[in-house]
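What follows is chain A paired twice: with chain B in the first complex and chain C in the second.
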Partner chain A sequence: MIWDWAYTWDILPELLRGLVVTVQATLVGSVVALVLGLVLALLRRSRLAVIRIVTGGFVEFVRSTPLLVQLYFLFFVLPSLGITLSGFQAGVIGLGVHYATYTSEVYRAGIEGVPRGQWEAATALNLPSSRVWRSVILPQAIPRVLPALGNYVIAMFKETPLLSAITVLEMLAAAKGIGNQTFRYLEPLTLVGLLFLLVSLPASFTVRRLERRFGH
Partner chain B sequence: MSEILDYLPLLLEGAWLTLQITAGAAVLGLVCAFASGLAAVSGSRTARAVSMVYVEFFRGTSALVQLFWLFFALPLVGIRFEPIAAGIVALGLNIGSYGSEVVRGAIKAIPKTQYEATVALNMSAYRRMRSVILPQAVVSMLPPFGNLLIELLKGTSLVSIISISDLTFSAQILRSGGSDTLTVFLVVLVMYFLMAYALTLGMRALERRGAASIGRGKIPIQRDVAKLPEPV
Partner chain C sequence: MDTDKLADVVHVEPPAAREMVRFDKVVKRYGDNVVLRELDFHVKPGERITLIGPSGSGKTTILRLLMTIEKADEGKIHVDGDCLTHTRRGDHDVPADEKHIRQVRKKIGMIFQQFNLFPNMKVLRNVSEAPVHCLGLSRGEAEARAIELLELVGLGTKVDAYPSQLSGGQQQRVAIARALAMQPKVLCLDEVTSALDPELVAEVLNVLRNVAASTDITMLCVTHEMKFARDVSDRVLMFDKGQIVEEAPPDKLFTQPEHQRTRTFLRAVLEEH
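Here is the complex of A and B:
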């Protein structure tokens, strides 16, 4: 018998505790990514060329370098500059900033998708710029891009195992720890895979329904 | 500054391995993407089901979990991979599942009239795919493939966790060896950025050639015409 069921039931609670950390990291990371992404998208439309260029360069750089190296940077390098972060803090900041560069492109597409006439109407009504964004542009831009944002949240969820490399005890780290003690990796690692599927499949199903609802 | 020169050879060696793993996984991923993408649009229900399971499984779980599973769990059932092979197989299968959706989407996006024309011309299914559908579909696959290639390059850093001495691993070695971590990691990030940039430029060139080959975009001949000598 290759698969040991008794062992499987024994280790399940510990893996589920890991899943809670995984979900927490995803949620906090998503908040960072969704808020910072919008900020970056707005900065890329700034009237000052310097801000546009710096933001664009930052987005390109973060997008084309590995999240794992960025996490190492936050966790191992920042302390030498006097900033010490816990593994979880470094993890959610890393995830959040990395994915903010993706969500900023999504927001940008959404903002550019708002018809020109809406801008002209807002100008004609002499609305102040903050009011234009808050009441005219964003309420039309954001619902359209919700499915795309949802996909990035799911992608983040699947990247959280990287946090195990900076000492966060999420699901994969828990499985690895169990494996190291018992020398049986098959059950814990397979369970981790199944638990990931169990969360991400319904989530992507929901996003696909959202996509149909918003007619894309 | 002189310190950079000391550890640059190690980093370059790591970067070379990173590129090799990227290339290996890209080839495997491309094969999987086409096999699974074509299966997804085929008439066979079994082929479609197999393709769907493959795509949902690899897209639904994490790349690092897949890598660990190949490397730590499979040996228990008697299948053992060399670390580099495990890295290439895991990353290739993972990126292939995303590529499969690209292939499927591009084929589905070919206008129905093209299919109708091939039926009118009495082409075989193979001939239709080979001469009409794929040449057009491949061109629209290139931009998303370019994005996936960058994702793959970034993803190769995961293999450092199973102790393959790629670029990320070299950085970790230097860090534990007590080098100036700030410079090391900045250099490493810049090296990844440059590799990604080079790949992007390569893919853009490929996209231009692809678009020209099916008569979209700029036709290269125009440039030659402009260079013709002035009439006397």
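Here is the complex of A and C:
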């Protein structure tokens, strides 16, 4: 089998449309993961034991079940409970919630890395606790964990092909569709790999620069 | 540093009670380790006391309880007529909630051995942040006051520096300005020069001498700087195992201590210096 350039140019636009969907899913999913992860990390430090335990249980549950099962649940089971989500919606919620359980651990480590003296100084200045979080703790905790968060965003990007299982026309689904019609898989699948690489490499490079910038 | 100027910038409200700080049978334990056992003492408004005693005798714990960084297991702490540890509900006392603690804590400030400046904020912000969020000053007012205070501690040129760009002595002077910006009635100082290189100790102590000379702030000071303690304090409390062994004005306590425990402790400290 030899590489068919004419065919390559033919299918490229469709694959790029798939790439756009992939990137969109990653971006929206990341926002969910980064915001919800922080919320989970804060809830796990709540003064109320009930909140800590429920949050901890939720995180444990989500982490110990496969993402694909969660995606199926959101897409196929929720409608029978009266909640119908599009494939894309179910996909970004599934990715976001799943990765939020990882990012919550990252935030937690970052928060615990802030020296105790910072909390004590904030107490001595009588700062209200919402202000302590916003002005003192998070501005010190988050820069340190940006590289780790970035790595999870990249990992999520590489897991988006799972969304093809719930009808989302991301890049892999697009390639498979093309292959099914033309019976040529070499070009579409190779291109998918290359396009993933094309986005992942600069992203990894950026994360490594963040690591150097913020050290440990 | 201009002493009169400092008095202009730091307005401390007049005391509301005859005692500024009172510990009432305060007990503090860490597990089985009883650090303070039914400790009683009081400090009058404007009084400067120095707490001395061997390592582990509970000096830091006392300041941390007063600053509400730690909670007492038993007993009560009063500040300026308000109970810090309890509130009244019906006809009995219940442990104070966060809102009540914040209300009373306004009157207290602390300076730490390790400075504990906020590394993510410039010096100006370190000093002006709390007045904005706790005293209700506008950003402009708070910054103007912060600049005045920073000038008074000799750091008028460092407002735009980050703490990491300053020497230890400069950082500690920022911390003093930061505490004063909150107009505390009581100031807790826990070995504030112990983390400094020897040549930087004097600049910090001089600032503190001026604070003592020009304000009415009540000060509780843990220090091994005996000269400073002698110059500044009205009364020295000697602690051992969480209890007061002896208390006297510095001239008396440092020259004619009554208790053997105090004598051995002072001898050890003097040899070290």
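Convention: the second predicted complex is superposed on the first by the 215 of 216 C-alpha atoms of A that agree within 3 Å, B and C clash if a C-alpha of one lies under 4 Å from a C-alpha of the other, contacts with A are read in each partner's own complex, and residues count from 1 in each chain.
Here is the rule we use: a residue touches a chain if its C-beta (ideal position, glycine included) is under 8 Å from a C-beta of that chain, and two chains touch if they have at least 3 such contacts.
Computed from a prediction, not measured in an experiment: that's the story for all the values here.
Aligning the two structures on chain A places chain B and chain C next to each other without any clash.
With both structures placed on the common chain, the touch criterion links A:Arg131 to chain C but leaves chain B unconnected. Look at A:Leu189: by the touch rule set out above, it reaches chain B but stays clear of chain C.
Once the two complexes are overlaid on the shared chain, A:Leu201 sits against chain B while remaining clear of chain C. Look at A:Leu172: by the touch rule set out above, it reaches chain B but stays clear of chain C.
In the superposed pair of complexes, A:Ile2 makes contact with chain B only, with no contact to chain C. After overlaying the two complexes on the shared chain, residue contacts for A:Phe76 are found with chain B alone; chain C is out of touch.
With chain A used for the fit, chain A forms the apex of an angle whose arms reach the C-alpha centres of chain B and chain C; rounded to a multiple of 10, it measures 100°. Between chain B and chain C, B touches the greater number of residues of chain A. In the superposed pair of complexes, A:Pro66 makes contact with chain B only, with no contact to chain C. Measuring only between alpha carbons, the smallest separation of chain B from chain C in this overlay is 24 Å. Against chain B, the residues of chain A that register as touching in their complex are 2, 61, 63-70, 72-73, 76-77, 80-81, 158-162, 164-165, 172, 175-176, 179, 184-186, 189-190, 192-193, 196-197, 200-201, 204.
Contacts from chain B toward chain A in the complex involve residues 56-57, 59-66, 68-69, 72-73, 76-77, 150, 153-158, 160-161, 168, 171-172, 175, 181-182, 185, 188-189, 192-193, 196-197, 200.
By the touch criterion stated above, chain C contacts chain A in their complex at residues 64, 67-69, 102, 105-106, 108-110, 112, 114, 116-121, 129-130, 133-134, 178-179, 182, 188. Of all residues in chain A, those touching chain C in their complex are 115, 117-118, 120-121, 123-128, 131, 135-136, 139-140.
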